[in-house]
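Scroll down for the structure; my scribbles are underneath it.
Letters are used for the chains, namely A, B, C, D and E, taken in the order the chains are written, and counting of residues starts over at 1 for each.
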Amino acid sequence: MSLQAFLLLASALFSVGLYGALSQQSIVMIMMGVELMVNAVIVGAAAFWFHTSPDRPDGQVIVLLAVTAMAIEMAVGFAVTTAIFRSRDVDMTDMAADLKG
Amino acid sequence: MVLWLLVAVPVMVGVALAVAGRRADRLAPAVAVGTGTVVLALALWAAMARPAVSAPLLDRLPVGLAVDGLSAVMVVTVAAVLMAVLVFSASEFGARFFGLVLLFAGAMLVTVTATTMTALLMSWEVMGATSYALIGFWWRDENRVASGGVAFLTTRTADLGLYLAAGALLAGGSGGLALADLPGIGSGWRDVAAAGLVVAALGKSAQLPFSFWLSRAMAGPSPVSALLHSATMVAAGAYLLLRVQPLLSATGWAAVVVAWVGAVTALVLGAVAVVQRDLKQLLAASTCSQVGFMVLAAGAGGVAAGTGQLVAHAATKSLLFLCAGVWLTALGTKDLHELRGAGRRYPVVGISFGIGALALAGVPPLSIWFTKDAVLSSALHSSAALYAVGLAAAAMSGLYAGRALFLLWSPSDREFDVERRVPRLQQWPLPVLAAGAAVLGVVFGLGDSRWWEAVLSAALALVAVGLAAVATRGAADVVDGRSPVLSAWLHLDALAHKGVVALTVALAGWLARFDDRVVDGGVRVASGLGGAVARVADARVDWSVDRFVQWVAGVTRGLGRSARRPQTGQLHHYYAQAVVALAVLALLVVVFGRG
Amino acid sequence: MDENPLALLPEILLAVAAVIGLLLGSYLPKHRQWLVRLLAAAACAAGLVVTVVAWSGEDMAVFGETYMVDVATNATRVVVLVAVLLVLGLAGDPVRGTMRESEFVVLLLLAALGSVLLAGSNDLMLLASGYLLASIPLYALAGFAKDAPGTEAALKFYLMGALLGVTMLAGLVVLFGVGGATQYTALSDGLASASRVAVAVGAIAVLAGLLFKAGAAPAHFWVPDVTEGAKPVVAAFITTVPKIGAVVAIYRFVAVPLAAARVDWALMIAIIAAVTMTLGNLAAFFQDNVRRLLAYSTISQVGYLLVGVAAAGRSDLALPSVLLYLGGYAVTNLGAFAVVCALPHAATLADYRGLVRRHRWLAVSLVVLLLGLVGTPPTAVFAGKLTVFTAAFDAGLGWLVVLAAVNTVASVFYYLRWIGPAVRGEEASAAPEVSRWAVRTAYATAAVSVLLGVLAGSLLGVLGG
Amino acid sequence: MDVLSIVVFLPVAVAAALLASPRIGDRVARWTWIVASAVDLLLVVVLWIGYQPGESGFAYEVDRRWIPSVDSGYHVGVDGLSLPLVALTAVLFLACAVYSARETRRVRSYAALFLFLETVCLGLFVSLDLILFFVFFDLSIVGMYFVIAGWGHRDAARAALKFFLYTFLGSLALLLGFIGLYLAASPHTFDIVELVRQDPLAGKGAMAALVLAALGVGLAIKTPTIPFHTWLPPAHTEAPAAGSAILAGVLLKMGTYGFVRIAMPALPDAWRRYAMVFVVVGVVSVVYGALVALAQRDFKRMIAYTSVNHMGYVILAVGAAGLITSSETQARDLAVTGAVTQMVSHGLITGALFLLAGALYDRGGSYEMAAYSGLAAQAPRFAGLTGLAAFASLGLPGFSGFIAEFQIFTGSLGGAPVSTAVAFLGILITAALFLRAVQQLLMGQFRSPNGPFPDLTAPEAASITPLIVLAVVVGLFPRFLLDVIEPASRVVTSVLGG
Amino acid sequence: MIPVWRDVLFWVCAVLAVVTGIAVFRVDSMARATFALLASFVFAAGTVMLLDLPYLGVLVILMMIMEMVVMAVFMIMYMMNPAGLMPMTMVHNPKGSLAIAVGTFVLLATGVLLVPWPSSQAPKPEDPTMQLGEALMGDKMLVMIVLGLALFATMVATVVLATHRGRYDRYGDRLERKRPQDPSRGGLGR
């Protein structure tokens, strides 16, 4: 249960989430990808706290911060999705590409 | 102060008249003649008092004027000839003409009294420009204006030598650009200065190879020719060489060159004069030839002889031109054949012309016989060959002067188409000048020439005149049209045109096209990136800053398009680009960024 | 512990005004919501007064040293508060009496607060929280109109922000891992001996978020789309206020924790600056839509600002010049948007043809403002640019200055594409409707941008230059 | 407010007042413009009369700090280099104001723009601070852009843009050079006087060369010299007459003035080392400009190219002044004095020529010389002034051009004999092209594209004649001007040392 | 717990977290994806609990459950094919994304394995939760305050974005109605 092992897990979660964010068309699915990345952050922060600075609370606070951030991002995400769904009846990013150039 | 007045009066009155233009036409002759009188008086006074003045002009480079022995003679000559020309013209011309003539004479007066390079150069150039205006006086005729242009440009080409000399004089260590400093400056710069001065003088004096402009200058009114060819402009070159004779001899080579150019011009242009059919052209060529003697004198060290020749020639030539002018206005022609018998028709003019022509021929005891012998004697001092050429040239003058004389005096039964009375004012100056042409030589004497030289040249002149008499007897004119090359003044004009003018114009045109193509090509490039890229890819593209600027514009246009290409509007493209860019940045920093 | 709430009085004023504003708005009739605006304006004014009165050269670290009150923070406060005041002015016509006027104002205040907090953060976690606070209200503002372009803008804005926010958090974790702390001073000690690779990756990940806020490459993609999609007044705010906080935050981030790290962060920032300004300028070149053009222009301006940031620590002039530039940029950019707001129906450059005929002074203001953005003396941006370039030169970034200068020249082209038709005396295009509040704001900003330039010397003195 | 600042800012104040009062008519605007310019000229005359340089070599010096942290401020003053140019600016702007009495298109804006430009030009010449200098340098480009774009001929927009981009590029190079100077100075400063005193780049070869290159390119574009001149012909061809007159008469001088005010004294070592470059550029400009002008068929384009030629003399002179070999200080003084005199002279003469070209275009609707002939018959005043201006421009003694060119030639020959000798060709070719133009336009049988060719109107004559008269006054009695210039030239050459 | 078991438990949790994470984007219904995500979070939280941080682990799990419920509601609202009745291929640029993701992972993993991570001999706190609480009330208080403000902003923002009708639609421009005028009745307290 070394630090490297945790970090590998975090890297894997981060990459999987990144893949999702990059490849998904549905807004909600993209948000899921982003959440997986937050998951990685949580794991990483906890691991670093444990292995490098258990005497300081910073690592723990980061986890809390990440969780809150995730919640906030999700709430806004849903609101944005609602707004765009209402205004143009889509929930795919590909269909919202009028602004370009 | 008087010296200032001497130069300022003609200049200021001249400018005033020229500016006033037509409004002053009625007053102008009187004013001009009055001014001429004042100038003559001032000149006489200056010749006696020998004043010297100076005024600051540029940084430690003043304008200096002074009258010494040489210039005393010159100012009087200029003033006298000016007076004659003004009186002669009084019946025919308006304010603009008199204004320009006075300005011209003023410039000449400054030229002959200048003691510093600044004064000399300024007056020298103004004289050239005024001659342009005078030659092209009848401006509605583009040909005449063009002739003026040729005169101005040719003399200005030579004038560059004067600029060069001025620079060399300063660089050689003369703080004030005084002409007197010339022989004493550092030797390298001295040679440069001498070369520049010689070129300038030869150009102004219409010596070879610049002679052609004088032929074109005949397009101007006759009084202008009289002024130009006698005491001013053409004489100025010779005067300058006489003035800087110490410099010429100090360099060693310059004196020899000048002497030979003078001698050869005297001979060749004499020959040109012989075959001319146009009276004014004949006189013009003879001017070159006669001035050649003065140049020869300057080269050979005979300053006094040259000066004498200058004065005697001034009187003679102004007389002859004025006579030609009388006939031209009275009879409407200057063709020698058509003028046959004109001398008999207008006796006062004819006799005056006769005296002048004989003087020109070097017939003793008229003035030029004296002065020319003085010149030839100084030539003999330096080289026998020079003397021989000079002698041949003297023979030429006998030939052409005699030819003109006999053609004009030979009896003719034909009626003149146009015939007008000659105004009194035009006749008055002629006898006076004739007297001058006849007797002035005595004043200067024969210099240090030996008796046999004088006799030889007198005999030569008489023989030549005799030959001319034979040649023109009856209706014949044996030399007429014999040598096209000589008739056409050795084609110098055409040569200069082909060799210099055409070449320059072609170069200018080429450069302008280059410049235009640069601009236009640039516009084309800007019109499309494709074109720009193609041209850039084309290795033969000729480089230029402007095209470079346009090329940059074209490329930027392309870059601008590609810079907006990432902005697809598709979010997943944004995502991918941002992530990849950040990763690349991280790699860059990890690899290169060792803080 | 040094919880000195008074030190944060301007921030507190903003927060309180936001809360009260929301409450007040709930009880006000529709057409009297201007009271909320008044409240917000009063809070901003009060904040300005407090900041100026309490301004001192001394640095003060508060709340466990997680927050710095120093010249940079104070300057950011001033600039942000002035910018908010200007935006409130701009919002006069388009928002007045609409359904959500109070919410609009509240979101404005919260975003401004977030921006200030970004600038003052002396702790990575506070930075991340500030990032959230500075972003969330903007997403809502971008989609405020809830029309098709607005919501699309909000969507793209939000998704970019979410991804890069998480990236920032990841970077935070990495830096925390190798540095052992998130508070800058402690982190600085930790990073001094930390692995170069880890610091580089972590720093870039953290920067990703800040670059997103600043609208710099490679996180700039949202800028044109949001600027075009959102309402002009919102676009004005979004392209101005968050950038201020973000640029100062970047400055603080490289100047404190990264200062001792074994990473060439100057190179990093320099590359970002170079790419940002070049990309922004090039993309603006043949842009016909004025708002997109302005958007790209703001991107390039951030590039110039980052030139100054790259000089951090190596030139005494770096911070003052960046702050001066920020102030000048904020006013000038808001002014340019004010002109856009004043003519709501003029969308393309062609619509500005003959503006000088109809609205002489508006055209003059536009010329002054756009030339200001170019960096023509004696405007504020010129003074900023000049000092920023000087600082970068001082710091040995000559190549970057040359590139920036080249870019400045290039930028003249597209600003002229706008100025040209506006001042040429041709027949004007269809008579545009004019918003009076926006017009006044445009005049004011034009005047201020020149005034700031003239006063640049004394300003720099105050900013410690 | 000191008198110099009043002189500088009076026009722009009037311009603002003009813009701010929308109700006034064209007539009032015109007269306001003329009166403002006249008052400004009057003030300049007062300045000239009271000119008494102090210890520093400057008169009317004012020094207020602007950006102290970079030591830049509002530092203005006049010395022998700038006072003549200030006077020239005031004269030319008044001439343009009088000349433009016939302008009918948006008179108020036109007047305001020119007044603004006047302030900018005056401001540049009195600046003793690099930033201030740069500010005015840039604003001049902006102002002229609007003049060309707003009141030019058919293709004005493109020409104006080209002008703008080109000269702006130059100004950026200039700015880089300024920053280089600033950084080299210790303590850092943008103050020109202080920089000259410090000689910050002495002994720093590469850096000095770079800074000089930046300054050189920036100023050369504005001057313009070969090969940076291509913006000039289109800008002139498309600009309105008064705009061309100002552009050629005043704006071009900013480049050459920059050389004598900044590049030479602040970088004496580098200047001496690379003086030959400037000499060569100058000579090539002289000959190339003259030759290309010779080939032009368009009167205005021809004059434009002669500007390249005439500015080439200035570059030649300042280059030659830096050549060590001309140890004779008198020659170098002469060269620098000649350069400044040439700026004044070219301003007067070319200003007059462009105004005449404008009059020509108004009557015939074309600049094509072949379209005209014998204009002297119908328009003697036009013919007389054109003839005089042409002769003045070709360097005839009696006009200011000769005074300038003679000093340049005489002063430069010692240092750069071959180059200077080649440059002599310039006056010959200009003579040829002006004679040709005069002959084509004025002499011969009358012909004009639009039938009759009325003579100059009173305002036109009143604006052009004084310029010619001034050129003659300087040509005959140059001491009043040279007495002012010479001490300042000596300062420049003494700083150059060697 | 015996260290070996902790290791085993960790690896099990880790692998499952990743696998379920991948499953989020492989399953063909959004509902399944939601639950896969939840699972991934739960397993990751499990590893966190192994690090003596039970409080945070539980917090994550509870948070995720709430969120997934909300997400389910949304999916129903927008008819996003919740039951997986139709197979969905809502992806773009899958290969590129995969390449980027794999590349990122390779780079990160290389870094993880090569970077000399610091280690601490510092004693573990008695009660990590206590440590967290002290920090929140102490040094990191401002962080929490700002997060609170962010939450406040989130509320305002979501309301602005998501609700169609505002108070003036319901209660009139002067808020004069006692009862709101809604197109369909219902809601809290009605």
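Throughout what follows, a residue touches a chain if its C-beta (ideal position, glycine included) is under 8 Å from a C-beta of that chain, and two chains touch if they have at least 3 such contacts.
This structure is a prediction, so every number in the text was calculated from the model and none was measured.
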Which chains make contact with chain B and with chain D at once? C
Which chain's mean C-alpha position is the greatest distance from chain A's? B
Of all the chains shown, whose C-alpha centre falls nearest the centre of every protein C-alpha atom combined? D
With centres defined as the mean of C-alpha atoms, identify the chain lying farthest from chain D. E
Busiest interface, judged by C-beta pairs in contact, is A-E
Centroid distance [mean C-alpha coordinates] between chain E and chain A, Å: 7
Could you state the distance in Å from the CA-based centre of chain C to that of chain D? 42
At what distance in angstrom does the C-alpha mean of chain C lie from that of chain A? 26
Mean-CA-position distance for chain E and chain D (Å): 71
Where in chain B do residues touch two or more of the other chains? 564, 567, 569-572, 575-576, 579
For chain A, which residues are shared contacts with two or more other chains? 7, 14, 17-18, 21-23, 25, 52-53, 58, 61, 65, 72, 76, 79-81, 83, 86, 93-94, 96-101
Chain D residues counted as touching two or more neighbouring chains: 165, 169
Chain pairs in mutual contact under the definition given at the outset: A-B, A-C, A-E, B-C, B-D, B-E, C-D, C-E
Can you tell me which positions in chain E touch chain B when the two form their complex? 92-93, 96-97, 100, 103-104, 107
So in the complex, which bits of chain C are touching chain A? 125, 128-129, 132, 136, 139-140, 143, 146-156, 158-159, 162-163, 165-167, 169-170, 172-174, 176-177, 180-183, 224-225, 228-229, 287, 289, 292
The chain E residues in contact with chain A across the complex are 3, 6-7, 10-11, 14, 17-18, 21-22, 24-25, 30, 33-34, 37, 40-41, 44-45, 47-48, 50-53, 56, 59-60, 63, 67, 70-71, 74-75, 78, 80, 90-94, 96-98, 100-102, 104-105, 108-109, 112-113, 117-120, 122-125, 128, 131-132, 134-136, 139-140, 143, 147, 150-151, 154, 157-162, 164
What does chain B use to touch chain C in their complex? 556-557, 559-564, 566-567, 569, 571, 574-575, 577-579, 581-582, 585-586, 588-590, 592-595
In the complex, chain B residues that touch chain D: 19, 21, 56-61, 118, 121-123, 125-126, 129, 132, 136, 139-142, 145-146, 149, 152-153, 156-157, 160, 163-164, 166-168, 170-171, 173, 175, 177, 192, 504-505, 507-509, 511-513, 515, 518-519, 522-523, 544-546, 549, 553
